[in-house]
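See below for the structure under consideration.
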Amino acid sequence: MKITVIGGGSSYTPELLEGIIEQQELLGVSEIWLVDVPEGQEKLSIMEKLARRMIKKADLPIKLTATLDRRAAIKDASYVITQIRVGQLEMRRNDEYISLKHGVIGQETTGAGGFMKALRTIPVLLDICQDIEELAPDAWLLNFTNPAGLVTEAILKHSDVKVVGLCNNPINYYKKFSHTYNVDMEDISLTFVGINHLIWITELYVKGKSRIEDILTGVSDSYEARNIPSFGWDLDFLQSLQAIPCGYHKYYYQTDRLLEQQLEQYHNHETRADQVRKVEKELFELYQDPSLDKKPQALEQRGGAYYSEAAVRLMTSLHTNSKRIHTLNVRNNGTISCLPKDACIEVNCVVESHRVTPLQVGYVPPQIRGLLQVVKAYEELTVDAAVTGDKGLALQALTLHPLVPSSEKAKTVLEEMLEVNQPYLPQFYQDKQGVNR
Amino acid sequence: MKITVIGGGSSYTPELLEGIIEQQELLGVSEIWLVDVPEGQEKLSIMEKLARRMIKKADLPIKLTATLDRRAAIKDASYVITQIRVGQLEMRRNDEYISLKHGVIGQETTGAGGFMKALRTIPVLLDICQDIEELAPDAWLLNFTNPAGLVTEAILKHSDVKVVGLCNNPINYYKKFSHTYNVDMEDISLTFVGINHLIWITELYVKGKSRIEDILTGVSDSYEARNIPSFGWDLDFLQSLQAIPCGYHKYYYQTDRLLEQQLEQYHNHETRADQVRKVEKELFELYQDPSLDKKPQALEQRGGAYYSEAAVRLMTSLHTNSKRIHTLNVRNNGTISCLPKDACIEVNCVVESHRVTPLQVGYVPPQIRGLLQVVKAYEELTVDAAVTGDKGLALQALTLHPLVPSSEKAKTVLEEMLEVNQPYLPQFYQDKQGVNR
Amino acid sequence: MKITVIGGGSSYTPELLEGIIEQQELLGVSEIWLVDVPEGQEKLSIMEKLARRMIKKADLPIKLTATLDRRAAIKDASYVITQIRVGQLEMRRNDEYISLKHGVIGQETTGAGGFMKALRTIPVLLDICQDIEELAPDAWLLNFTNPAGLVTEAILKHSDVKVVGLCNNPINYYKKFSHTYNVDMEDISLTFVGINHLIWITELYVKGKSRIEDILTGVSDSYEARNIPSFGWDLDFLQSLQAIPCGYHKYYYQTDRLLEQQLEQYHNHETRADQVRKVEKELFELYQDPSLDKKPQALEQRGGAYYSEAAVRLMTSLHTNSKRIHTLNVRNNGTISCLPKDACIEVNCVVESHRVTPLQVGYVPPQIRGLLQVVKAYEELTVDAAVTGDKGLALQALTLHPLVPSSEKAKTVLEEMLEVNQPYLPQFYQDKQGVNR
Amino acid sequence: MKITVIGGGSSYTPELLEGIIEQQELLGVSEIWLVDVPEGQEKLSIMEKLARRMIKKADLPIKLTATLDRRAAIKDASYVITQIRVGQLEMRRNDEYISLKHGVIGQETTGAGGFMKALRTIPVLLDICQDIEELAPDAWLLNFTNPAGLVTEAILKHSDVKVVGLCNNPINYYKKFSHTYNVDMEDISLTFVGINHLIWITELYVKGKSRIEDILTGVSDSYEARNIPSFGWDLDFLQSLQAIPCGYHKYYYQTDRLLEQQLEQYHNHETRADQVRKVEKELFELYQDPSLDKKPQALEQRGGAYYSEAAVRLMTSLHTNSKRIHTLNVRNNGTISCLPKDACIEVNCVVESHRVTPLQVGYVPPQIRGLLQVVKAYEELTVDAAVTGDKGLALQALTLHPLVPSSEKAKTVLEEMLEVNQPYLPQFYQDKQGVNR
């Protein structure tokens, strides 16, 4: 039982380790491999030492390896977890700044920002998948890498790896509502409809009783993610939507306000990338403390709450053939009948050790369907553009995105982004033989 | 917690009672009502006494009522179980004899026999559903009444009752394979595709490993139902089918042989109805034995093995909000994308206390799809005919059925059956005001 | 052969009359009825006189009647043409001004403006349809009334009238390309995909040769409608779109520029409604000239070029059972498989006297599909809101529209519009019995 | 303008020539090439001489070439017509005799007979298509070769040739009803739903008035094909079907009777193949008459009435870009929404010179849908079996066919047929390198 963490130098790794350590009885892990790229060597080294301290403290017979050799790390893995950031925070910052310079929302996973991140990231993930197909064909790939929906769709379409895309969004709702209603998470039953970071809750049952009207009529937005600004929801809007939107819906339903706020941050040089850079710096300083042998509290400020819990619970369900329900990014196959069969969707799934099967989603009302379809069509184009390096497809993708106000803006932003990202976009700049175009 | 058994005088009732008694700790039943029609009064009375002996032996505080007052029985029930036979065995015998007289397979749930049973039974079940809507709107209806798929489709289309159709077929496969592989039923994972009594197993996993090739390449037919004759399967056929057919598939894949055998039974006056009549007679003699206070062994000869286990497991899952997987008859909603959305299908479902959600079924290969579609179209016509009393729809339904060799045969059989069944088919003989046409 | 023109006082009527007069040999019209509402009596009277002069000049035995009695006008009609404007230009002006006041594009058929026009217009058209069902059940209804797609969808969903929705957009492309390539219109073959005012040309054949690349690579926007401002198309955009957008696409693909221009017009009190008001005034002065006995040249400035040609050609095709191809608004029925079956779409159709059958549209690429689906979902909600008077549905519709930047803006604009339009929106202000809510 | 007839030695050729000669003014043919296989050389030679006499009589400047060089014949053709019979009548006779020997209907295009013909024919047609792709990429292929639906589906799925499948069935209905109602064929409007040789007429309009009830309530079967035995239709059946079945439907709706009759013919050695052999012999004797310079009357006995009229009308429509409606075998693409998108269907199409576009077919009622779906699934499997040589797929195809009573019969018939047809089935007996398996 070998777990491989690609992007092992990520600041999230301590949380993941903590989770694995807690579930070791069920998981029976024998090896953990942390692997990273040369640019991440320093962070990886810090993480390795912290990990050793954590494992030692738990007194477990887990062999830890940190390496830059990805193929060695993947070989014979049971589970591969990807949590990488191609181009590091520098490129994320570019995504935000170029978007906002032209008056377009710049966000890590949505809109022009998420689009550029997808173009950079998808080829790297497909490359990893080739290694997995060759070196660990039975492994499950748990993809955390954002934009998780786009990346998972690319893998589902262009690889044979057993992949599941994972987000901390759904588990946060279970946590939130179990807190609200003071019951166990097991007593909460949610129906999710949508795709990663665009997911509606259409049913909420607490111990078998429908309670969604509670939320639609009274609660403002206490169920929000930490990394998304919050202005609350209008109750007339919520009630007529007849569903609970997720935090990322604000980019669509409150576009004007979000843009205004982002522009202010941009002018103050305090966009989300700037903030994260600061947080990360502080975290890695903490991580270096030789007395630290557990996940520090400060990590919870980072934004990805319960990421590791979602991942470790899933790994445990897979490993124990639990038949439990998780909310995951998987191939549609007709589950949401208004989306293409080969699209990646985020819905409730039954997890067995050999497969992950979505639960049928019934009728999707037009107010959800319309937004879902246009964003999914954008995603389809983006995946195609990322794989082929076709600039025309990229232009159409960006133009179609609801957060981009015109084809002209799309073209301007696209060209600037392509230029800055050139080192990460060989598919746009080289032919198949690797020769520059 | 009140359980109502409609058709309480059925010979299956002792098995059902045994199951409820065993699960009483989880179910917490306070009342059981057995209800039947006047023609079944004698059987009901025998059953009532046996039931009292069984409850007494178990020393449980369950109040038992036996009655002919259906509305009183339904009022405030938590679960209603229907296991009725409209027209009793006499009419089943007619179904078989009229079919075979014209050289057409006569079977209780499939072909001309199942067709006529549906015409008789659907109006009665819809009537029961009206009572449930009025008197126990929150009750779950567990429909066992055959042809269970057709009856459940009629209810799904023409009533608002929370209904689930149930068959012992799927649980028998779990039992069978847990025996074959010597593992717990929980370790067996099966994918079912199809409709009631026409269900293919397309995947068999044992502890997470695919084992379906074992069955497709080596086993003949030891996994058969007791009430269906068995000639084994040709292995070339099984391997190219790439799925395990169910027992009832023999009527379709071995039509010529099955017909030959049925004709022989017909000429000897030993059709299945004749056999069941004999078995039932013996069972009720046993049931009258005042020293009997448990389900007699002999019941297991009856053909509906594990019926009650399936029902009681489902009730327990509903009652405890278990999120366990059961194979049930539910509304399609796109789960099997080659069938109409409002069709009733039999597939794996997650059971919660407030809903039953099918798991997505992926690609259905043409060898399965074609037969499934034609039989489902027959079912759609049959439900329409049963509800409207439209003789033309009935003729089209029967003509379309793969076991009926021509429209001429269909017409002859239909007319004879309609005449014999006249007392049970007011929809064909009266207008909406109840006046004879 | 009786033709009834509802909204007979419209400034477009002379063009329509000219067309009918030209095709009289094929049409054999015996009666033309012009009908209007009391508010339009003066215009109707002017039109009646002009019409009499035109018929007289053509020396045709057509009986003309002008009336305010709609039921008399509809009775026994062969063709009913609707070209009404509920609330007259005053309300159109309000649509534009309220939208722009809140920084939202205000346009007659698209966005918030078209939305409010639909809410006012649909109930009136459904009322007309009730009259047609009763008084002229065999009549064809040719609906010109904007927003033609929304209105036709409402009729298709809520009436049994034989309706076809009509727009001058498609015929303009035939005219344009026959001019460009100097061939007859018959030699031009176009494939249209989309819905009214959101229609893409995906194929252009001239005498059997594909010529669409000519347009995608070289032509700017000479194929534009007169009433939509034009900034040209970027050729990279066109080529990657792989389709020719229509004029109204600019509101979606060039939202920022169009909004900027509209805001300027708004501040100068020169929006489109203001312009049309001026043009109409001039036209009716011309129409009153007792020496005028034909359609004046000036009408061609009005914006609806070839409207009447489209209508009269269609009437002639219907009347002569021509089996010719027209581009029309009809029920989808699977023609565009990514849209709901009961949606109204605008595609090529074969016209027979008894039916209008769409030609199958093949694959729709994601760049078209995504925008089409979101706008169609908006339309579905708008039709539902217009029919039910449900304010929540109206809010969801407007929020979903790509030209509306947030649910907050949608709510503000909606409430202001509902208030101003109160006299025209009984469905929002009264219950079914007509009592104010 | 070069027309190539593959299978030029066929007895149907004179009719085709007659049709081309009649339409020469519109078609402007410069060359006709007749090509055949060595086994058909004698017939080809007879046909060549007759053709020369016919062209001479018409005094047209058409160059005629008869050859065994298929590639030369195809090169630069405008239209390629295929009317071949792989294995000649001998193999057709085997198809019938092997089927009937085992009590299974043996028919040229349907059931086991049509199945085996498809396995022999599809590889040859795909080979021809490779030549067309290379030597005449702009040519239209008009496929007459039976089973026309299966063969055309194989070409649509496995080749890029512009193909249309053609049958004389539809035109016969136009002829028939124009005769019945004494109107021009142009005044008849029919809606066809289905696939080749399994096609229902769901609407019949005569000069814009619906007349289908005439047929459903009164006419027996005067609209039948000459080569299919006729027992009439039961009127109760027709009226509840709500559609006019085609002649081949008798194999499905009157299976028992048709089988009985075929068995009698089989025992008398007078099956259809025997009959055709006799007719063909007589025809070729006639054709050799040096004074014959036109199509002989006797050809009309042959069974393919109006075959050539259908073909020549289609060629003319293509050539003149007529936009007329023909009933053709084309890719489904959603036209019949209950069938796979890539299936071949037979429906009304608009014919332009560059494309053939199906008209949307609306709701298909279950009595039609069920039979259509099961036969189409059989066809899908048959095409796959023919292309891959997979015996398992062949077994599943034949088992699924409604005219085959069991998998056991399917296996017996299949094995016998495969053996007899070995010389024509390299795909089943050789690997891809042509080495015997």
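Residue numbering begins at 1 within each chain, and the chains themselves are lettered A, B, C and D in the order written.
One rule holds in what follows: a contact is a pair of C-beta atoms (placed from the backbone, for glycine too) under 8 Å apart; a residue touches a chain by one contact, two chains touch by 3 or more.
The structure presented is a predicted model; accordingly, all values stated were derived computationally and were not measured.
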Suppose you hop from chain B to any chain it touches, then on again the same way; how many hops at least until you reach chain C? 2
Return the chains shared as contacts by chain C and chain D, ordered by label. none
Length of the line joining the C-alpha centres of chain A and chain C, rounded to whole Å: 45
Using CA atom averages as chain centres, what separation in Å is found between chain A and chain D? 55
For chain B, give me the residues that contact two or more of the other chains. none
Among the chains present, which pairs are found to touch? A-B, A-C, B-D, C-D
Okay, in this complex, where on chain D does chain C touch? 187, 189, 205, 207-210, 321, 323-325, 333-335, 337, 341, 350, 352-355, 357-360, 362-363
Taking the complex as given, what residues does chain D use to touch chain B? 234, 236-237, 239-241, 253-257, 338, 366-367, 369-371, 373-378, 380-381, 391-393, 395-397, 399-400, 402, 405-409, 411
